[in-house]
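Next up: some structures, all given as structure tokens.
Below, chain A partners chain B and then partners chain C, in two separate complexes.
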Partner chain A sequence: MAQATHRIDVPVSVDQSKCIDGCTLCVDVCPLDSLAIDPETNKAYMHVDECWYCGPCAARCPVDAVTVNIPYLLR
Partner chain B sequence: MSTGAAPSARIVSLLELADEDPTREELEQYLGDPAPEVRRTALSVLSDTAEDWAEASPVFAVALTDEDPAVRYAATKLVRELSEVLVPGPEFDAALRCAAAHGDAVVRLEAIDALWRHRLTTVDELLDLFADPDVAVRCEIVLGFVSLDALDALARAAHDPEPAVRLAVARGLGSVGDPRGVTTLIELATDPEYLVRAGALSAMAQTGCSDDAAHIAVSALGEEAWEVRQGAANALSAAAPDEHGTTVLVRALGDRNLDVRKAAVKALGAWLPGRPDVRPALESALSDVDATCELMPG
Partner chain C sequence: MQIPPLSERRELFCDVLVIGGGTAGTMAALTAAQHDVDVLLLEKANVRHSGALAMGMDGVNNAVIPGKASPEAYVADITTANDGIVNQRTVYQTATRGFAMVQRLESYGVKFEKDEHDEYAVRRVHRSGSYVLPMPEGKDVKKVLYRQLRARKVRSKVTIENRVMPVRVLTVNGRAVGAVGFNSRTGEFVTISAGAVILAAGACGRLGLPSSGYLYGTYENPTNAGDGYAMAYHAGAELSGIECFQINPLIKDYNGPACAYVANPFGGYQVNADGNRFVDCDYWSGQMMAEVKAELDSARGPIYLKLSHLPDATISEIEGILHTTERPTRGTFHAGRGHDYRERDIEMHISEVGLCSGHSASGVWVDETAATTVPGLYAAGDMALVPHNYMIGAFVYGDIAGEHASEFAHGAVREPLPEDQIASAHELIYRPLSHADGPPQQQVEYKLRRFVNDYMQPPKTERYLSLGLESFERMRGDIAAMGARTPHELMRCAEVTFIRDCAEMAARASLARTESRWGLYHQRADLPLSDDARWFCHLNLKKGRSGEMEMLTRPVAPYIVPVPGFDRPDGVENEPATPGELAGAWA
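Now for the complex of A and B:
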């Protein structure tokens, strides 16, 4: 799978200022394992540029840090 | 547990607990946490780890009336998602009834949805709730009427001032499929809103189309809105074949809208056993520019 090189352009963006250090809810629910925890910040980010736009990552985030940027034609 | 720690720290400790199959008692402190994000996460954890659903079910129903909107909406999603596993009981039922009277329309809608899906409600109770000012809630109540095959209640709901509710009634009567629903469908087939007329006519395909209804459907095949013409052709598929109906349906095979043509093909296909004379017209549909119109049965 293609690695995500630009973290702001990927389908799922994580607001690092809101993301809880140590929480793994979004990572756990992603069916594609597209999210991961950055070992340096201990916060979630999208490390693989693959997404089904299914949404549990955003729905489960307790602090609304996760946004799924659904393409216009899929809305 | 000290609630003096930041909510994020309590969420992390809750998630650590989640890996150890926590009991309801262990989750209780998080479900009652002062921070809404912790309560919301606790609901999520409970949905993933619960084993005794009779014990867990009331928790989700009670959370529907949480003071925080984010927790309430998380609860509404879980109550719907977990519908198959939630176990009704006195506490669960009471919490749903409390939520059905909540000030938040989203909560009322989900509570009413859960009440009828779990077969916890009656026609009389739904009729009382039908005074709700929110259109989506009233549409949900119509689904409740449908679940109870409540034809009389649906007939009353057919007079709702909102077209969306009347359309839900039309579709609901189709789902019930009871021929006695045609009386209400005939009323809705002359509704001022064209989508309601279309829905009512299409529903007649499932309830059966009486002679009176067929008369309206034949007229409706000349309407401007293609949705109505399609509904009329659908209705005629369930009507007794007659000369005039055949003429208008054969004409509809040349309609400018492909969905109308397809519905006409299906209707004439249903009439074919009783009226073999429609076969040449159906065969002509085999050369229709749209492949889905080439559905000639028999």
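Now for the complex of A and C:
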């Protein structure tokens, strides 16, 4: 199948300057498993646009690095 | 990733297997642990923040508290709300055991609202009884439960595996003997041998497509794709009332509860665009949903949850609940649009369709011991047919399932697992890897669920339902072609198969019930009347011997409590339960 890539505005953002190297708390709790650690930077980010805008990721983060926005289509 | 060979698998062993660690599943595991069995709790997410309670709960919707309400009145209310088609014995359990469950949760550290006399401050939202009990610190429910699960005594009995997702229950000679699934992070293939299996995998929340078009912007936690319904079905269990859809009135676009259960006791209520009330009761029933839809479709739409008339302090109190618990991003949503409850009432709409017995009455057929029609297989929570069971009912039935599954497991003879079923589950899980460039899950799922919206949303008709069924048959081909590259994508692909199975069940059941029933939930535009002579019965379905879906009916069991103002069309006499006959009967 021919493939195309397109940009998507994902709802959850992680402040890379705050995120702690080695921490995985938000990644651990996300019900949809939509967060991951970038192997190059060791920081968390949203790897898929799958989100219930529920909030455990932000609630668990010890340094308030996670912002949960409403997914663009609902905003 | 590569497809692992069939023989390369992690083999797990337990007495009681619990699938889904949400509300019902955590309680089932806690109770089973008290019955001296080894429990394995498998959760596709992480038990700490999974399921409907991921961020807690605003309150208890259906607590029968002594002195505030009676079990008989509750059972009668639920019977009326379901047009009489209920097995009262199942509802009676929730009615009589709910109070002990509230106390058990309290002993764990969950806080319930009390008045100045230290009595439970129940509120009235239902037509007659007062069953709504606010939870001032409801955001911590799951935290409290998790602490219990990890307490030393329980820990030695309950093994938790997060990110492991079963896709099929295994059976030998018609009895549940385990399950098969995979790890959605590593892709590892997993088989489980169990003495008894409890399905607690939640509602089928990813059936209809929300009007936003966002796949995961569902009312239900989108992890609940209908996994439990599909697993029960393929294990041979009967499902019931699948034509009785779940549809809820929600904050438009946000698609979460506003919610009348919270705002009502503070003086909030639903109005149409003219500012007039149009429902005489804010209890979520099919009848109410029909009234909501009629209003939305009329010149009096849209509809709103009205709060702007309330004093500032009251609104702050409501915000204190709505913006911190259950769906805490409600505040983010309103702020993003610059809306404030003080100035602007909340625009509401109705949700996508789903299957759920927590809110409606569509689920796996269970009796009052949480047993399904498959020996050794139990079901609890939103996926198990105990109408309008909500959170307390999920806890009560989790408890009941934990107890009865443990008893069953004690006596169960352990069989070797069926290799043919394991092989077909392996095929189901890993097939998308063999043609990774096939259509991606997002597109396949979007299309499938758009067909659900196009053809299944009430009012239903035979023509539309038949076209729906045809579409779902055609989607088998799309699903077989779907491609994936990672374990995460495999999880989503497996979920699409569950959604398709549920869509087919919903279409077939809706076609079979040739009448209208339960307000909007099963409104047939081509058959607008109820046909009591034929249809005062449960419509069940199961996988027949040939693999085809079979429909069957079951009579409504004799009532155990009278229902004021309701005459059974079949004239069957009531049979009151003898005292103590139902476990945990009202003390």
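Methods note: the second predicted complex is superposed on the first by the 62 of 75 C-alpha atoms of A that agree within 3 Å, B and C clash if a C-alpha of one lies under 4 Å from a C-alpha of the other, contacts with A are read in each partner's own complex, and residues count from 1 in each chain.
We adopt the following convention: a contact is a pair of C-beta atoms (placed from the backbone, for glycine too) under 8 Å apart; a residue touches a chain by one contact, two chains touch by 3 or more.
Keep in mind the model is a prediction, meaning the values are calculated, not measured.
Engineer: Quick check on the superposed pair: does A:Cys23 touch chain B, chain C, both, or neither? Answer first, second, both or neither.
Structural biologist: first
Engineer: Between chain B and chain C, whom does A:Val63 touch in the aligned arrangement: first, second, both, or neither?
Structural biologist: Only chain B is touched by A:Val63; chain C is not.
Engineer: Tell me the contact category for A:Pro31 with respect to chain B and chain C: first, second, both or neither.
Structural biologist: A:Pro31 sits against chain C, while chain B stays out of touch.
Engineer: Between chain B and chain C, whom does A:Arg75 touch in the aligned arrangement: first, second, both, or neither?
Structural biologist: Touch partner of A:Arg75: chain C, not chain B.
Engineer: With both structures fitted on chain A, tell me whether chain B or chain C touches more of chain A's residues.
Structural biologist: Counting contacted residues of chain A, the larger count belongs to C.
Engineer: So, does A:Trp52 touch the first partner chain B, the second partner chain C, both, or neither?
Structural biologist: After superposition on chain A, A:Trp52 lies in contact with chain C alone.
Engineer: Check chain A for residues that touch chain B in one structure and chain C in the other, and list them.
Structural biologist: Common to the two interfaces on chain A: residues 59-60.
Engineer: Along chain A, where are the residues that touch chain C in the complex?
Structural biologist: Spelled out, the residues of chain A in touch with chain C are 1, 3, 28-33, 48, 50-56, 59-60, 68-71, 73-75.
Engineer: In the complex, go through chain B and note every residue touching chain A.
Structural biologist: Checking each residue of chain B against chain A gives 8, 11-12, 15, 37-38, 40-41, 44, 70, 74, 77.
Engineer: List the residues on chain C that touch chain A in their complex, please.
Structural biologist: Chain C residues touching chain A: 45-46, 48-51, 54-55, 163, 184-185, 212-218, 221-223, 253-255, 327-329, 332-333, 336-337, 437-439, 483, 488, 491-492.
Engineer: Taking the touch rule as given, give the residues of chain A at its contact with chain B in the complex, in rising order.
Structural biologist: So the residues of chain A in touch with chain B come to 20-25, 59-60, 62-64.
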